[in-house]
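Have a look at these structures, which come just after this line.
In what comes next, subunit A is part of two complexes: it sits with subunit B in the first one and with subunit C in the second one.
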Partner chain A sequence: MSTHESRVGYALAAPGILALLLLFIGPTIAIFVIAATDWELGADRLSFVGLENFRVMSVDPGFRAALFNTIVYALIVVPATMILGLVTALLVESTRTWQAFYRAAHFLPAMATMAAMAIAWEALLHPTIGLVNHALIFLGLQPENWLHNRHTVLPVLAAIGVWQNFGNAMVLFLAGLKAIPQDLYAAAAVDGADSPLDRLRTVTLPLLGPTMMFVTIIVGLRSLEVFTSVQILTQGGPDQASNVLLYTLYRESFEYLNTGYGAAITVVFLVMVCTLTLIQARTMDRRVHYT
Partner chain B sequence: MARLTLRDISKSFGAVSVLRDVSLEAQHGEFVTLLGPSGCGKSTLLRIIAGLEPQDAGTVAIGDRVVDRWKPKDRDVAMVFQSYALYPHMTVAANLALPLQMRRLSKAQRLPLVGPLLPGSRYIRERIAEEVRGVAKSLELASLLDRKPGQLSGGQRQRVALARAMVRNPALFLMDEPLSNLDAKLRVQMRAEIADLRRKVDATFIYVTHDQTEAMTMSDRVAVMFDGRLVQVGPPHLLYDRPATRRVAEFIGSPRINLLDASVRSNSSAMSGTCEFQIHCDLAPGTAVTLGIRPEALHLVDNGGAGVLSGRVHHVEYLGSDLLVYFQVEGNSEPLVLRAPPQHAASLRPDATIHASPRRDGVLVFDDKGDAVSTPTVTPFRSQRTS
Partner chain C sequence: MSQRPRLWLGAVGRHSVLLVTSLFALLPFLWMVSLSLKSPAEMFQSSYSLWPEHFHAIENYTRALTAAPLPRFMLNGVIVCGAIIALQLLICAPCAYALAKLKFAGRDSLFALVLVALLIPHQVLTLPLFVLCYEVGILDTYAGLILPFIVSPFGIFLLRQFFKAIPDDVIHAARLDGVSELGIVWRIMMPMALPAAIAFAIFSAVSHWNALLWPLIVVQSESLMPPAQGIVAFHNNEVGVEYGPLMAGAVIVVAPLVIAFLFAQHRFIDGLKMGRVK
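And now, the complex of A and B:
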């Protein structure tokens, strides 16, 4: 390649490289640098403290609760979303009538704005006027102060997370189901695997493998990012019981203005997200056995 | 004994009728091919035989038993699909073992983890593995048992699909265009392998294809289907020499049969343009008919005259063993084709005038509906396997 050509090449790539540096790589480096300082937002001086922020983090009960809650949240949301999404997809796929309606109906929560939906959930879960408690009382069961009980708040938030995510999972599973060759079901029927359970085990689930991996990672990433519902419904309470990673990050950075500490939490968050993304990229590459 | 009997099978998808009153019988051990253009209903018929699709009317009997309400797995049939339909997540060995496991292991014994530990399970599994190895060996798949279908070539996948059908020892082999995804060379090879398989196993074969060469080379009898109807069923040579309709005549044979418009003069002759042909038919003089002449039923003669087609050479295809001479006859829109020995190659330049005369009894006559009206005497030739 001539020098002229390579110069033109660089010139053409330059805007892209610049945007990448400015919008992605720059801020990421900045986060790592700030995480090593005690900078407070608006302060005109800062000093480098090395790994001090991370040491503080490791003993900070707020952060530990947030990390723990986020993991618990993800461990509830991911499997529940997978199962609910898959079951809904199988049910929607098995019906011939009203298919489009069911598909749209189940996908609605995924399209709705979480901020608006959180308010609707707040109304439903209200301890005295909420529909949920009214229904419980009607059935002769004990009402519950769902969002202010430290034992119920996280499962309730997770349930809302499942409600919001499973439509997405369903749509992905539906696409995966459509891609399974009908001949395989025919072959399974001739081979003797014709009960619903055998079909599921012999054909459907194995061939949905790549879709399941994809959905797990997507839902996993989304549940690590839970924020809106926490911010609107509980503000991390009661007593840190619903504090999650992104909410702590937000509060430290923008309410307490501990920008350095916030940046350190961001680093942790970034590592978690990148790990999941890497796993996804790796496994997506290894889909060879399905060709 | 696995005789297959189809009686008056009909099937529609919505308003589209795909099969109409199809009746067919295949004797035990017979190789019957359903041949027809795509969309003629042959695959649907095969799926009905397999039990994958219910028919709207008619009955399917295997042996002496009507199996209409039986599930595919209970019909003792094995099927080979055009797409092979191998389970992509399983090794070749697991693919071959599955139909046996489904039959011989109980529900509990098939459970993952726990299943293999249950009493009896291990013994059955070992037996299955042994049979799988045996079948794999006979199809030269032994070295591929641990591979997954994605790591195999098209021909190997096809052999695995055959092995999966074979491993169960079914009474009826159903094959749905099994060779159409293979390249030409492999197709010839697999044709031989299927013929081989057929000699090895004591089963009845129903083979679906749109490829007349496959049908002609492998079958005891061929059932030609058009638009959901069986048009003619018979051994390959009969379909070729005595096609029941003009469409069958056109569909079978390559290059295609020559067709000439003509009108009947007497019960032993018909005129096409200025050329008079000897035929046998009892249609009234003046009736419009179509004459069909196979390319090899025409031979070159030195001079024109009565009963001789004269025309100009359009182009010549050299095939090594013989020549295909395309020539244009006045009054016929399409060029005719004749098969000539390769020695004639030098004299057959484009635009040269040639004369061709049909072999005695080489002229087929079809009426205006396309049905054959004459039955030319053909050299008696009977397949040994059909009675």
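And now, the complex of A and C:
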């Protein structure tokens, strides 16, 4: 390695690396430090309180509701998104007509501006002019104030989460399906598995295993990150029924300016996300060996 | 003999399911467009149709564009997304080239640093970055919207992967021709890794056009708001109770990405797939 090449290497890498240190690594370290203080933004003094913020968190009804709701939300969104994504991927894969239309239609929610689409959902779910209640009345059922009823608000937000994510899951499953070698189906047919359901059971699903694991985690991560729909549609209400992790983080940090406490919530969020991401990285490794 | 009707039934079954799921995916879009074409009186009617009886589109869209600074929000979106993408490529490409093709002590540790940064979800950074912007004095400015995003670990990672696949001979030949190292990055590596750069740019544009959390934190002035935050401000102010103009505003905010998506479906899907899978 020549000294000239080294010097060029450092010079070219430096802006990117310094920016990463300033904007990613430094702030992440700062979060752990701030989480150990009682700092309130704007206050000129702060003191170290150790794990006090985490102790407060463990008895804070707002945080507990947010954590609980986020987990419930994820437990609805992940399986529903997986099933819908997988079913639509299998059907799109096996149809020869309108494939492009179906792919575009299903993927559209994944890239459309969620802030604007949340407002569209609000109009769909509107108690008097919303299409959902109109349909229910037409069918002779009871209309519902979906976003203001503490029993319906979280499932409704989860349905919006499924709506937003299942096209993305479908696209990932389609890529997984494409990677299955066609001769495996021929081999399965020789072994007597020639009905579509047999082929699904003996070839497709087992070979999609790694993709499924991986899509589960992607959708899981997206569920932990739910924020926009909550911020626009419910502000965590009614009475904490739709408070979620990122929303409580936002409120404590930037509305109440409880900087130290907000940082502690951020640490919890970071640990949850990193755990899922590391599991994903491990499955990715395994997938490389698999095929 | 019995194969034909069964195949036909299968196709009908598949298309019925897919039409239902497509309707689920498209319903909010259809409803949004439908309301944006209707008059208030028609919205509150008990009888219903997606297509309006009386076309009220011109009134709604005019009101959306004049009652709130919607054109300004859109322009801000273009400025912010454009600046972020340009700076990200400017900073990430040389770094990716150095990490992929140049040999120097500590290179692997620097790449490990990129991988660690890749692991960090951006929401985690909002609080310390907010404090940083506050200390530097760029809250409520374009700089506050743009500078925190000038580097993307995903961008470095993705470009490095593509650069690595380019044969070293290409670089040696360029050096013999007297091309500088930066010249190699911009005139040789980038054109060869164009699909990656485009995928990354699309991912970045979609993320920042749609971003809400960071703008909510850093921007207060309406004149600086990017589209997602703008439509939320519209929703929360007094015009927001008029559903027609509000839906017209939402349509305008969503339209650019949707139109671009319909024209370049595969590039979008690839870009977003790569970005979300990172």
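The definition used in the following text is that the second predicted complex is superposed on the first by the 272 of 291 C-alpha atoms of A that agree within 3 Å, B and C clash if a C-alpha of one lies under 4 Å from a C-alpha of the other, contacts with A are read in each partner's own complex, and residues count from 1 in each chain.
By our rule, a contact is a pair of C-beta atoms (placed from the backbone, for glycine too) under 8 Å apart; a residue touches a chain by one contact, two chains touch by 3 or more.
These figures come from a predicted structure and were not determined experimentally.
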Combined model on subunit A where subunit B meets subunit C, clash or fit:
fit
Who does A:G167 touch here: subunit B (first), subunit C (second), both, or neither?
second
Using the superposition on chain A described above, determine whether A:G16 touches subunit B (first), subunit C (second), both, or neither.
second
Could you say whether A:M114 touches subunit B, subunit C, both of them, or neither, answering first, second, both or neither?
second
A:F32 contacts which: subunit B (first), subunit C (second), both, neither?
neither
Which partner, subunit B or subunit C, is in contact with more residues of subunit A?
C
Would you sort A:H134 into first (subunit B), second (subunit C), both or neither based on which partner it touches?
second
Quick check for you: in the superposed arrangement, does A:A104 touch first (subunit B), second (subunit C), both or neither?
second
Nearest approach of subunit B to subunit C by C-alpha atoms in the superposition, in Å, rounded to an integer.
9
Contacts of subunit A common to subunit B and subunit C in the A-superposed view none
Spell out the residues on subunit A that touch subunit C in their complex, using ranges where they run on.
1, 5-6, 8-10, 12-13, 15-17, 19-21, 23-28, 30-31, 34, 41, 84, 87-88, 91-92, 94-95, 97-98, 100-117, 119-121, 123-124, 126, 128-129, 131, 134, 163, 166-168, 171-172, 175, 214, 218, 221-222, 225, 227-228, 231-232, 246, 249-250, 253-254, 259, 262-263, 266, 269-270, 273-274, 277-278
Subunit A partner, complex, touching residues on subunit C are 11, 14-15, 17-18, 21-22, 24-29, 31-32, 35, 43-44, 48, 91-92, 94-99, 102-105, 107, 110, 113-114, 116-117, 119-121, 123-132, 134, 148, 150-151, 153, 156, 181-182, 185, 206, 209-210, 212-213, 216-217, 227-229, 231-232, 235, 243, 246-247, 249-251, 253-254, 257-258, 261-262, 265, 268-269, 272-273, 276-277
Enumerate the contact residues on subunit A facing subunit B in the complex.
181, 183-184, 186-187, 189-194, 198, 202-203, 206-207, 209, 288-291
As the complex stands, subunit B meets subunit A at residues 47, 50-52, 71-73, 77-79, 81-83, 85-90, 98-99, 102-103, 148, 150, 164
